[in-house]
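Lettered A, B, C, D and E in written order, each chain numbered from 1.
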Amino acid sequence: QAADPGVTDTEITLGMQLPQTGAASPGYNKVDDAMRAYFDYVNSKGGVYGRKITLVAKDDKYSAGLTISTASSLINESNVFAMVGSVGTQTHSAVIKDLNRRGIPDLFVNSGNSAFYTNPSKYPTTFAGLGTYVVEAKILGKYIKATYPDKKVGILYQSDDFGKNAIQGFTTAGLVFTPGKTAAGFIAGTQGSLGITSQLKQLQDAGVQVVIIASVASTTAIAALTAKALNYTPDKWVVMSVGSDATTFQTILYTKKIMPAQSAAMLAGIVSASHAPSPGEATDEYVAAFKKINDQFNTGTDKTWDNNVLQGMNIAYQTVEALMGTGKNLTRKALINWMNTKGSTLTSAALAPVGFSSKTHEAYTGFWIGEYDATAVLKPVGASRVVYTTDSAAGPVTISTFKRPAISADALPKAA
Amino acid sequence: MQTFLTALFTGTSHGAIYALVALGLVLVWRGAGLINFAQMGQAMFSAYIASTIINHHINYWWAFIVAIIAGGALGGAIDVLVIRPLKKKSGSSILSSPSMRDAIPVIASLGILGILQSAAGMIWAGEERGFPAPVSTLGLSIGKRAMPFTRFDIFVIVLIWLILIATTLLLNKTSVGLAMRASALNMEVARLSGIRTRSIRTLGWILSGSLASVAGLMVAPATNVSPNSLDLLMIIGFTACVIGGLNSLWGSVTGAFILGLTISFINIYDAPGDVFLGIFAILIAVMIFRPSGLFAKGKARNV
Amino acid sequence: MFKIRRNASIAIAFFVFVFAIGTFVGPYNQGQIAVALTLFIGVLSINILTGLSGQLSLGQGALMAVGGYGCALMMINAHLSMWLAIPLSLIASALVGLLLGLVAAKLSGPYLAGTTLVLALAMPTVANKFDSILGGDTGLSIDTGMPPTWLSKVMGDIAIEQWNLYVSLPFAALALFFAANLFTSQSSRRWRAVRDHESAAALVGINVERTKISVFVISSAFAGVAGALYGLRGLVGPSVFAISLSLSLLTGSILGGLRSIAGAGLGSVIIVFLPDWIGKVIHPFSLSDQVTNYLPAFVSGLLLVLTVVVNPSGLAALFAKIFRFSRVKR
Amino acid sequence: MSSEAPFLEIENLTVKFGGLTALDNVSLKVPQNSVVSLIGPNGAGKTTVFNSISGFVQPQSGEIKIAGQKTAWPKTHKLAALKISRTLQGVGLFSGITALENVMLGSDHKYKAGIVKDLFGLSGRIDRQLRDSAMAQLERFGALSLADKFPHELSYPDTKRIALARALISEPELILLDEPAAGLGQDDIDELAETIRQLKKSCAVLLVEHHVDFVGEVSDQVYVLDFGRIIAAGDFESVKKSPEVLAAYLGGEVGHA
Amino acid sequence: MLKIENLTVNFDANSALDNVSFSAEVGKITTVIGANGAGKSTLLRTISGLKAPKSGSITWRDSELVGMRPEAIVRAGVALVPEGHAVIPELTIDENIRMGALFRLRKAKSDVTTAIAEMYELFPQLADRRKAPSSTLSGGERQMLAIARALVSRPEILLLDEPSLGLAPLIVKQIIGIIEELCRKSGLTVLLVEQNANTALDVADHGVLLALGKVVADRPAKDLRADVSLREAYLGY
């Protein structure tokens, strides 16, 4: 039988592309190190059916022209069996068609762009690694509408796909924004940043009481500071998960001479959503296990425990799970097939179910809503953690019944 | 009205920062005859240095001073290591065309930018850092109303006025300034006038490097520090010079404020997505009617 | 007729040579060669604009984008075959080049550099502004499709990268042919005259402004074809034609030699393969990620500076000199 | 003889630069097949006359007739088509291209192949013609061996020679020479004088020059400018005796200059 | 005394000056004449430090100039007015003149002011427009400015490379008059390079004839002027 590339009796080679350098790299450049740390841990335990996992990560500088070349290098030079955890919406759009055409599994893509996942007949081999921005925004939007029915809600958003998807989700949830008044976009991301003072001022002037932030975490930190400067104290900040990483928030502020206690105080009360436990939840069994593995196996330059690292761990965990599920006889077809039929059973630290089926390749269709406490840990709002779930279209938001299975003692997934 | 004021104020305070960048660029242009694209790379580099110092709990102002020295040293090093040897090459046939003589050093500066950015990446792992402001960034209140102006904004605006006046005086009223301009324009004639052109040029580079560092330190609180975080600022500062006219300090500062206001008004009254289109439109409009910038003097006699 | 025959033979030889290399190497390198061929056309557009007429453009990537979007729109909306869309895309970029040229003709050195740089900056926003047509941030997905079956029958299995190579090659060879004709032509002489002395050029009867515009149009047309081919690798979008693309074209142009066609070839090969070479060289040393990731950019910056300082005429001129020297010695 | 009809006629030319009046009601005629010289102190406005004719400055007032035809002040790039050539004060060669190409450009305006033809390599014939005639011109100037040299590789007299060759290859009916003898040695000046005498057979010459002996040798007619005004005109012998000219330009008695 | 000994200067493989030796007396005008390409400009540029010689020595008042930087040589009292209109067109006329005196400002501020005033007296044409950019000047006016720039540094020895180039005869006479007077009054030493041998030899005390980089005659100006055969052989008249 003609074996697929990248699989031998002793090895599985996986590929990944991400911005490791350049304007878009901060934060994301840690995901590959986290994944490799988990794979190394698995390898130290004997690998998957005796096969060691090798992860080849290529830097595409968030430049799509380069992504095409690095993909070709991964496919033809490194002979990868599958791609896992590639980062970036714009860059991934440049290769997604080719990967699918070649039948290469394209697992757990770190992009919340729903268009990649909602039409599996177009992209049969691509599966999400993040919940889509639309789903998250819908869930948060519904919460805002229910919790602050009489308050004026506004949004500060990155004027790119991420921001647009977010607005789409919030609008679906029934929130209404007026450009120039309650909706303030700003330039960010790969083009650099020009500050957000005027945007916040605009929201302040429009009398916005609940501010939604759809941006990366470093911007959230700046937004919090800027608002303080403007004497702007909205009743509530609601931050999309991409932008609410406590570690990044505190690091940025720390390097601005704001001590952790103080920054934690600034973070306290901010509402955000997550599909996973907060990295700060030391008592969570997954978090504890992953953090231990990270400490021991991560050889990256910056292995600070944060959302990005946790996300890397989750993806790696799921990857191993899927590989084990597919069985000894590992082929691309079998893997995809397994993902389509059994993929929905994939677990990780995530508290929400993944939505994989032959109809959709969306990952986390569920998010729980939390509020940062005084120790910079996201704690569920209300008495207990409730995970909501919905789709990227107009479907309703419902309460999920998903129960995360316990992690095994050796932190290795068991074949489903 | 409130919105208008907001746009006006934020535009002005951003314009001040762009003006700092523009001033640094003009200083090298006047002192060495080239657009130094590495400038914000130098600024980024010294901001990282400053940030490292600050993270060791050392007083901001020490870091400030070290960064200014580091920026100056980088500027000086660029001159000594790259620009001087480059000028010696003027015998090469490609450099016999005046347009190439202008273009080639610019390209060298792009190379230097690449070197600085990747070096910073290697040294500091390309991590993104915040950066403190020297004075409070808390908003000032007039009456009950918080203005979109912070103490820091006022600090920056005062600083740029001081620097503007100082550099204007330096360039136009002092003998060092005359020596700098002469060395930039025609090294040989300057040397034959007894001017120590090499040192003078290096001095220009050092000054502009320090100035760039100041700009970097003033900008970093808003943009954070990472190898590429100042790229956009560099482009906007350069555009400001082009709009105002590279040969005029006041012109480039005016250009910077024009851009600050444009960006702010488009942000507020239109959409952020249109900011760059707006900049482009303004630039094109100026270039059509004043090809050498708003404040350019009449065309030089060329025959 | 001598010139046309000579240049046609050079172009054909080039075609055959690259074609032959293309069959020897693996798919990844085929893909890289395809990129190099594409960027060769892009670098040529700079060598024409900057090398021949002395106008420095920092936004050549934006003109490539125009070609890329033009090609994508024609393929997606008008269902044109790419063989038609690629050459037609140069009309789009040439038109934009004309508009740009109308402004640029009056601009000198840094003013032109600034204007083109801002053009490159503004281009992605255009894509966002008209996202229903241009696809916004994600862009428009186009590719060279599957190799035709008759070719697979003749050549055996053809990788997608190999097919990309075969699509780029004829255009690169054509570009070589046109550029070779152009470099020694009357037009180029006028461009160089304007570059060196505008007043003297006007005195010999050259309409300086129109000449500067014409070079913009031609250069943009080259850039447009390069952009179409670049987009056909999979995507036409803002992140494909980022400012970094403009800058790396410029780097290639300087490293290879701003004033020669061979220089454009060498330069494009360097910018495409340099990271790979560096990777190979440093492979034995186990350097930290931090260093390996940033090393290619560091080295290409260093090369750029060294070239400018030591040998501003570029590698092509250096080789020519060495060759001439050795000939004299003999 | 037709040589009496002026090829170029300028009437009441006035040029101002801001507050400075560089030319004040200047009128002059350059008959066919003659050499007319324009002399005068530095800054008198001689080059400005040239610049007005060749479109580099816009006159405030004044009229120009070329070949008997009253026209607008020409645009610079139209000059060649009007059969007027000019050399620049200094050298004015294209620095980045060879001597041969410099000369080829002199007759460039006569051949318009167009970019499309150039792209397809179809302008070979024109190119060869340009090249052949430029080579012939170089040969005429005894500079064949310089063909492939770049201007910065040439000696000063050679650069001037090439500049003249470039100006003359278009077979102009009028040539404006701005200080052609400046910096040349006696040998070269003699050669230049001979060239100009030859030129007179086929075209008119308007000459600006400070080398007074040379002016005297070649000129049929001399105009003296001072502060933008014509203070004397006539043949050289009579002009140089004019007290105004002595005071303003030559200084004392005409001696050994 | 400016003493030049065995000076050889090469451009690539070709020598522009070949073992040149002569000296220029203090307070006297020495002229160097020769055909185009004889090496006159190269000689002056080498003295000024703009071009490094292959071998040989140049001493001015017993200090060796070879190896010194051009700006140091100027500061040592050796000023060059190079060939062509060596001014900086973008600077104003006043700035161009002031530029020449910059290095003396700290030591002799009041003298510099007088020196600048003197220059405007010498060249009234420049005085009227001191705030105008020198790019607006005519060719000859630029030459005056270049000379003024050199003189304002109050040099002890002035190197003039074809100062008459592009100047009206009257101005040439004036300038030569000025130079003669400076020699006489303040002991200025002058090394004058001229294409126009007669004018030069008329004012000079001593003449050096260069041909193809070699000194072919080195004698009193009067003798040189009288030597018709030499003139015909090397200057063509």
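To be clear about the criterion, contacts are C-beta pairs under 8 Å (C-beta built on N, C-alpha and C of every residue); 3 or more make two chains touch, one makes a residue touch a chain.
What you see is a predicted model; the values in this text were computed from it and never measured.
Least step count on the touch graph, chain A to chain D: 2. Shared contacts of chain C and chain E, meaning chains that touch the two of them, come down to B, D. Of all chains, E has its CA centroid at the greatest distance from the CA centroid of chain C. Each chain gets a centre from the mean of its Cα atoms; the one farthest from the centre of chain B is D. Interface comparison, A-B versus B-E: the pair with the greater number of contacting C-beta pairs is A-B.
We define each chain's centre as the mean of its Cα atoms; on that basis chain B and chain C are separated by 31 Å. Remark: chain B and chain D have CA centroids separated by 46 Å (rounded to whole angstrom). Each chain gets one centre point, the mean of its Cα atoms, and the points for chain A and chain C are 37 Å apart.
For this pair, chain D with chain E, the centres built from the Cα atoms lie 30 Å apart. In chain D, 47, 56, 88-89, 95-96 are the positions where the chain touches two or more neighbouring chains simultaneously. Each of the following residues of chain C touches two or more other chains: 121, 124, 128, 195-196, 199, 290, 293-294, 297. Among the residues of chain A, those touching two or more other chains are numbered 20-22, 29, 159, 191, 301.
Chain pairs that touch one another are A-B, A-C, B-C, B-D, B-E, C-D, D-E. Contacts from chain B toward chain A in the complex involve residues 2-3, 6-7, 10-11, 13-14, 51, 54-55, 60, 118, 121, 125-133, 137-139, 141, 146, 148, 150, 152, 221-233, 236, 263-264, 267-273, 275-276. Residues 48, 50, 69-71, 74-75, 79-80, 82, 86-91, 95, 98-100, 102-105, 133, 135-136, 149-150, 153 of chain E touch chain B in their complex.
Contacts from chain E toward chain D in the complex involve residues 35-37, 83-85, 125, 129, 136-141, 143-144, 162, 164-174, 195, 197-199, 202, 235-237.
The part of chain C that touches chain A in the complex is made up of residues 26-28, 31-32, 35, 121, 124, 128, 136-139, 141, 143, 159-161, 230, 233-235, 237-242, 244-245, 288-290, 293-294, 297. For chain D in complex with chain E, the residues that touch the partner chain are 17, 20, 39-44, 46-47, 89-90, 155-157, 179, 182-188, 190, 210, 212, 248-252, 256-257.
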